[in-house]
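Heads up, the next two complexes both have chain A, just with different partners, chain B and then chain C.
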Partner chain A sequence: MQNNLFSHQNMKKITKSKGFSSFTAALLAIALGLVFGFIVMIIARPSNSIQGFSKVLFGGFSRIGDVFYFATPILMCGLSVGFAFKMGLFNIGASGQYTMGMFFALYVGFMWDLPDNIHWIVCVIAGLIGGLLWGLIPGIFKAIWNVNEVITSIMFNYIGMYLVDMWIQGNGTMYISSKTRTAYLPASAQMPSLGVRNSSVNISIFIAIAIAILLYVILEKTVFGYELKATGFNKFASKYAGMNDKRNTILTMAIAGALSGLGGAFAILAPSTIAGSSMTYEPISVIAPAGFNGIAVALLGSSHPIGIIFSAVFISHIQRGGTLTALYGYKPEIIDIVIAVIIYFSAFSLLMNTALGNFVKSHRRKRGQNTDGQESDFIEEKNNPIMETTRGENNSEILENTGSHVEVEHKIDEIVNHSEEA
Partner chain B sequence: MENYIIEMLHITKEFPGIIANDDITLQLRKGEIHALLGENGAVKSTLMSVLFGLYQAEKGEIRKNGKVVRINNPNDANSLGIGMVHQHFKLVEIFTVLENIMLGVEPNKMGFLQKKIAREKVINLSKKYGLHVDPDAIIEKISVGMQQRVEILKMLYRENEILIFDEPTAVLTPQEIDELMEIMRGFAKEGKSILFITHKLNEIMSVADRCTVLRKGKCIGTVEIKDTTKEELSRMMVGRDISFSVDKKESSPGEVVLSLKNVSVASKTSKKNAVNDISFDVRAGEIVCLAGIDGNGQTELVSALTGLEKLNKGQITLCGTDISKASIRKRSKIGMSHIPEDRHKFGLVLDYSLEENMVLQRYWQPQFQKNGFIKKQEVRKYAEKLIHQYDVRSGQGPITITRSMSGGNQQKAIIAREIDKEHKLLVAVQPTRGLDVGAIEFIHKQLVASRDAGEAVLLVSLELDEVMDVSDRILVMYEGEIVGELDPKKTTVEELGLYMSGAKRDNVKENRYAE
Partner chain C sequence: MDTLIYLIQNMLPVAIPLLLVALGGMFSERSGVINIGLEGIMLFGAFFGCMTVLLIQDSRINAQIILLIAMLVSALAGLLYSMLLSFAAVNMKADQTITGTAMNMLVPATILLFAKMNYNSDGITTSVAFYIQKVPGLSNIPIIGEMFFQKTYLTVYIGFLILIISAIVFYMTKFGLRLRACGEHPHAADSVGINVYRMRHSGVALSGILGGIGGFFYSVGVMDGNINGHTGVAGFGFLALAVMIFGQWKPWKIMFAALFFAFLRTLAYSTSLIPMFNKMDINQTYFKMMPYVATMVVLVFTSKKSRAPKAEGIPYDKSTR
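And then the complex of A and B:
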């Protein structure tokens, strides 16, 4: 309102506010999830809980190659979900796209005979196309007939999974029926290994990170990213501004599908640690969990491409560590519970930030120490959940009724109050 | 020492980047109508939110009858006898009038509602104060004016003695405004105390006893209305002299820019067309105003005109091109600028920064992008230019998140964007709604300047003063049809009111065909 407000202090606040807040929120969620996981482990098997929990935390470091290998597909699925989410689309079909991408990659790997250096690249591209198709169709349904993409893409998870299982089982070259799995891929179709001992880690992790950075650039620097985010924030305003939301919806879903498809290709085209073998796929009518892990990864990374890199590696890290808890008699499901809890907390961690801010604020007031700068920092954090909470379905009501940011703030108070009551 | 029923002393409330209230003192006497006047910004709403317990002030205290009280939430406010009619009503649309009034304080016996008791009380109250309502009518089916009466009855039902009216006249017709003023006077006579928030100086002059003026978060002063004038009030509020009449030359209409022929638009709520067979032209260099009471098809007509909705029938021509089926982008390219009615829903991406919103209509132009990449430097430069030129105030300049800005400044940003964009036709829908006199004067000047630059302006307005002052030609809409074409110089507000309420109509359509 006044000129002196264009000061350094204010500039600092913005650079801090949004990204910083979601970062602390993610950390808070992780901490709470781990504490809860520890409690679960104590209940399950009190005597070994300390050793078991330290495996969860640090076990991954002894298998760093595997951590990155398993991080790659969930990173790709996380990018897929996060990217669509920026436009306000919930791509729950990452699993189907992942499976489809995997099949396309496998098909090219087995059926096409190509020179060594090119073969795996063509396989990867085939995976991209497979996923793209499987994302494109729900996108078209959404854009043209306004069919909810959540429903379509869930159905496409099943259609994709059963189709792939059927195709693989019907193909004599790819499928070994006695072992109920696919055959070993030819070496030319496998991605170059990074040479870490006892691990399948390969160059795909670098490709995945490069893609994440590319997505960041697209979102932040390009016209397409500008339109995409505008549509995600406020589809009425984007329509008003003449953006082609049909085209953008289809394009976004196709890109999201392609990202998941790449995830599938990266997972299956990895070199195996034993010479002559490779990763295999078992057509056992189960929807690939990578897609759902991708949702978790995207959520924990606040749908930010760079954040998703870290959240994918983190989730992979505790998953690897979790498998080692079997040494102390823990079932691998325990680690799934811990991950689930982390995701659960990350979903309302922004709200927890608010509650924390309010708590500190009221504490301060009681002690009568109102230093201006500090105080407004907390309000700023309190401001953040606005963006998260009003972006969803209920924003129309708020947007219609607000005269100023003040009323939005009321809304936040209400939301916080509700959650406290609950 | 004087007896005040409510005192807010030295209230200070801050938000990031903005001091919303800076040491404000407001004292309300028993039985007076006290107007609260201020520029746009969070100032008044924040102050009232503090009084209503939605916010806690960082400094200052609230006293009732001289005793310090703490108001932590609206329930506290209610138990102190403070009631509020919000600018946007807080009613349950599918409930009846009676159900809404007793909501939260339902008389009951072992958990069973005692509607009879409530009904009697409501009927008595409505008779006593002349607030006629049908207790069994469903809220969504009654008029806005009636809904407001329900809000007022809600306060009375709770036996509040301090009544806050937050811009109550914004949604009313002239006749309804007169009635409301009468009702407010009645309350004051009864000994109730009223805080009346408004931008409209005429209303303050006619009904208020005293007026507290706020500017930029500070309290400028409290004056007795009988000792002051409209000019003085506006000077206090804006800090400079304001001209109330719009200064403009005779219009010199040129060629036809926009032409509508037999346009019909379907209604979303009923089977009848919201807009029924409308035809009119807007020429270069003239301001045509679509006047009418809210809900008579103006919104639908503008939606069809700007491409947000499809039209049922008819033809729209802009600069000689048929745009009846054209995309929004194409309309924009041909030369349409649109200041939308709902600035939050359509006009802005609230989570975008101010600079990103400033290029919302132009980001795709070569000036702002190269090979699909946004030229951030250019965007920043352009935004800074507009911010300076149109005096858009915000906490952090171009990088302010638009959501955190005040309503008036958000509107200024939209107006800057739409006027600065190259255009032949400016469609301005209620561009001054909820703005203070300073901002209104500015926007009116911009509209006239647009006209003088040879652009066509289609203004949709519910404000009679605006309709009379700004326009060169008035078209009155009633129930989806144009019922009169008036010359603002030759008509009166009263005549306009008759057309707007449907009491009078010309056969404009027939006349046009006869031409």
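And then the complex of A and C:
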């Protein structure tokens, strides 16, 4: 029985695992977001809604290169937000860090004269430093003065945006005031393209994926990662256990900032499809949307670095589809609405998921236990007192951390399995 | 003296949205729900307020009556929109910060979509002059008349009226006392028969009403009756949260905090008119950053002895403890 991969028990292990549960929760949130988007499209322009919606769903497939190009910055911002989430910090300041990283990369790209093959690498590192500094500040405020990082990072979004716009507008080499945008970056500062026709996709997507894997290793295999997650689960217990929460807070925010900063650098250093030009930045006093899309990406990927890779590609996919809906008279903002709704439902989809699961379970119970035989959930629940008592505690667990709820359930499953084997 | 009068005249219409929205945040947080979606609620109220103005501006109704009608519509819109938060936070026990962030993102996108598809612009532009040159009678009082009753908006007086009503509701009614109890110790409140869920719903609903009105007053007093999906309310919802924290979650202190922030902002936008600052030749962007930097400084000094409601941000569950 244990050897069979698809045995009932194994399947149940998979379906009850944390990963699977957050996967179905993400699917639920995505489905609700897309349905809402479809409804908005029907209201806005009923006659074209079917074609428009199918563009949202499938339009991205015709622009695979662009999907990966636009996925890179939001992947980095998603990693940034998700990494901070692991420690229980909400890094809403990814936008500011992204803008700051972009400015540092631009500055090195324009002002430093470096050999061709290392110029863009230095630009990327500069972007990392820029974001790091902008993430460090909210971390210090949190650690030393206990100021809520949400308010701090929102304020630093605005301060960073104004600062960058001012610095760019005040720099004659970087800014062309007649076109209200930055000048074209020298070719040496642009990242090597992957050679997909009509697309700016470049090697940064591979760097981003490598960083995601590196983060996974840090979180799962290092002491720092363990302390980080422990602090996220219960900061008082981890402090009692001797973990330096102040140092960890500052370090986490600095790393999160560096990740967003890299996102900004990747976005601006991408090669242009037209020879002799480059990506440009318009200082128009608007907060970069990439940071907020990063929140959606992180939530959908349930803050897991590998999950975030897929959710970033998905969000980028529907964004590309959204721009194509213009063919049917819609505007790309439709996707922002879908993303906002996805975030809204992500906030409690794990709970909804559990509720849905319980509903299905109770239905199965009503239909009779005979079909399910010995291993039905119903009998297990009844026979095992551990299950019952821990279930009761579960409800309170939901309060503190929606994630831990599923983990507890997973552990119970293990206990149950052990007792059965014995 | 002229400079001071000018600053005060311009400061009040800016202070009122901050004041109202911060009061809204206060009601929500003292009931135990963190409302970070105030920015979205403001914009939602402003959008419906401006739409109302747009629809009735061609009829021959007096401008101040139009303002009152639009204000009621924006209050209703804010109330309805805030129910998204109370449903998620109270009924579904969701993460309140994430829910608020989603609410903030939803409105600008909706406004841009609507305005681009219908008016081919980024927002809604109205053409009603809400400006009051002189309040009859009162404007003739020396100095005070000039400061408070000339070149102003009706929003200023409504704002202070709402402040007084809020303070009375907050401190002198059974409802206010119960609301505050739910934010400090919901289990104790529940044990004496107060319905915590209903109180939190009402707290968020009040913040929705005040947030909606505040948003419309922002578009009247700061944007001249227009609203734009790109710039939105320029972070006023977040600044209002800072005002609320600076005001220690208390109505009268919030008023002074709102006036302080509005003064900073007015100063930032009128540096070229003030000879002293004009001579110093500082980039105006530094002044524009000032309210945000001031927020940080203020938070550092107030965080040590913060009077934040104890139970804020924690969903209430009867079965615990």
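Going forward, the second predicted complex is superposed on the first by the 354 of 422 C-alpha atoms of A that agree within 3 Å, B and C clash if a C-alpha of one lies under 4 Å from a C-alpha of the other, contacts with A are read in each partner's own complex, and residues count from 1 in each chain.
Here is the rule we use: a contact is a pair of C-beta atoms (placed from the backbone, for glycine too) under 8 Å apart; a residue touches a chain by one contact, two chains touch by 3 or more.
Worth saying up front: this structure is predicted, and the values here are computed from it rather than measured.
*Asks:* Scan A:Ile92 for contacts with chain B and chain C and give back first, second, both or neither.
*Replies:* In the superposition, A:Ile92 touches chain C alone.
*Asks:* On the A-aligned overlay, A:Val35 touches which partner chain: chain B = first, chain C = second, or both, or neither?
*Replies:* neither
*Asks:* Kindly classify A:Arg45 by the partners it touches after superposition: chain B alone (first), chain C alone (second), both, or neither?
*Replies:* A:Arg45: touches chain C, not chain B.
*Asks:* Given the touch rule stated above, what does A:Phe224 touch, chain B (first), chain C (second), both, or neither?
*Replies:* A:Phe224 contacts chain B only, not chain C.
*Asks:* Look at A:Gly329 in the shared chain and tell me whether it touches chain B only, chain C only, both, or neither; answer first, second, both or neither.
*Replies:* A:Gly329 contacts chain C only, not chain B.
*Asks:* Is A:Tyr240 touching anything from chain B or chain C once the two structures are fitted on A? First, second, both or neither.
*Replies:* Only chain B is touched by A:Tyr240; chain C is not.
*Asks:* Could you say whether A:Ile154 touches chain B, chain C, both of them, or neither, answering first, second, both or neither?
*Replies:* The second partner, chain C, only.
*Asks:* Where on chain A do the contacts from chain B and from chain C line up?
*Replies:* After superposing on chain A, chain A residues 396, 399, 402 contact both chain B and chain C.
*Asks:* What residues of chain B sit close enough to touch chain A in their complex?
*Replies:* It comes out as residues 14-20, 41-42, 45-46, 49, 54-56, 58-59, 87-88, 216-217, 306, 308, 327-332, 338, 340, 342, 344-352, 356, 360-361, 363-364, 369, 372-374, 376, 393, 395-397, 399, 403-407, 434.
*Asks:* State the interface residues of chain A toward chain C in the complex, per the touch definition above.
*Replies:* Against chain C, the touching part of chain A is residues 40, 44-45, 90, 92, 141, 145-148, 150-152, 154-156, 158-159, 162-163, 165-166, 170, 284-286, 292, 295, 299, 329-331, 333-334, 336-337, 339-341, 343-344, 346-348, 351-352, 395-396, 398-399, 402.
*Asks:* Please name which positions on chain A make contact with chain B in the complex.
*Replies:* 1-2, 5-6, 10-11, 13-14, 221-224, 226, 229-230, 233-234, 236-244, 365, 370, 372, 375-377, 379-380, 383, 386-387, 391, 396, 399-410, 413
*Asks:* Of all residues in chain C, which touch chain A in the complex?
*Replies:* My answer: residues 36, 84, 88, 92-95, 97-99, 101-103, 105-106, 108-110, 112-114, 116-117, 229-231, 235, 238, 241-242, 245, 283, 285-286, 288-289, 292-293, 295-296, 299-300, 303-304, 314-315, 317, 319-320.
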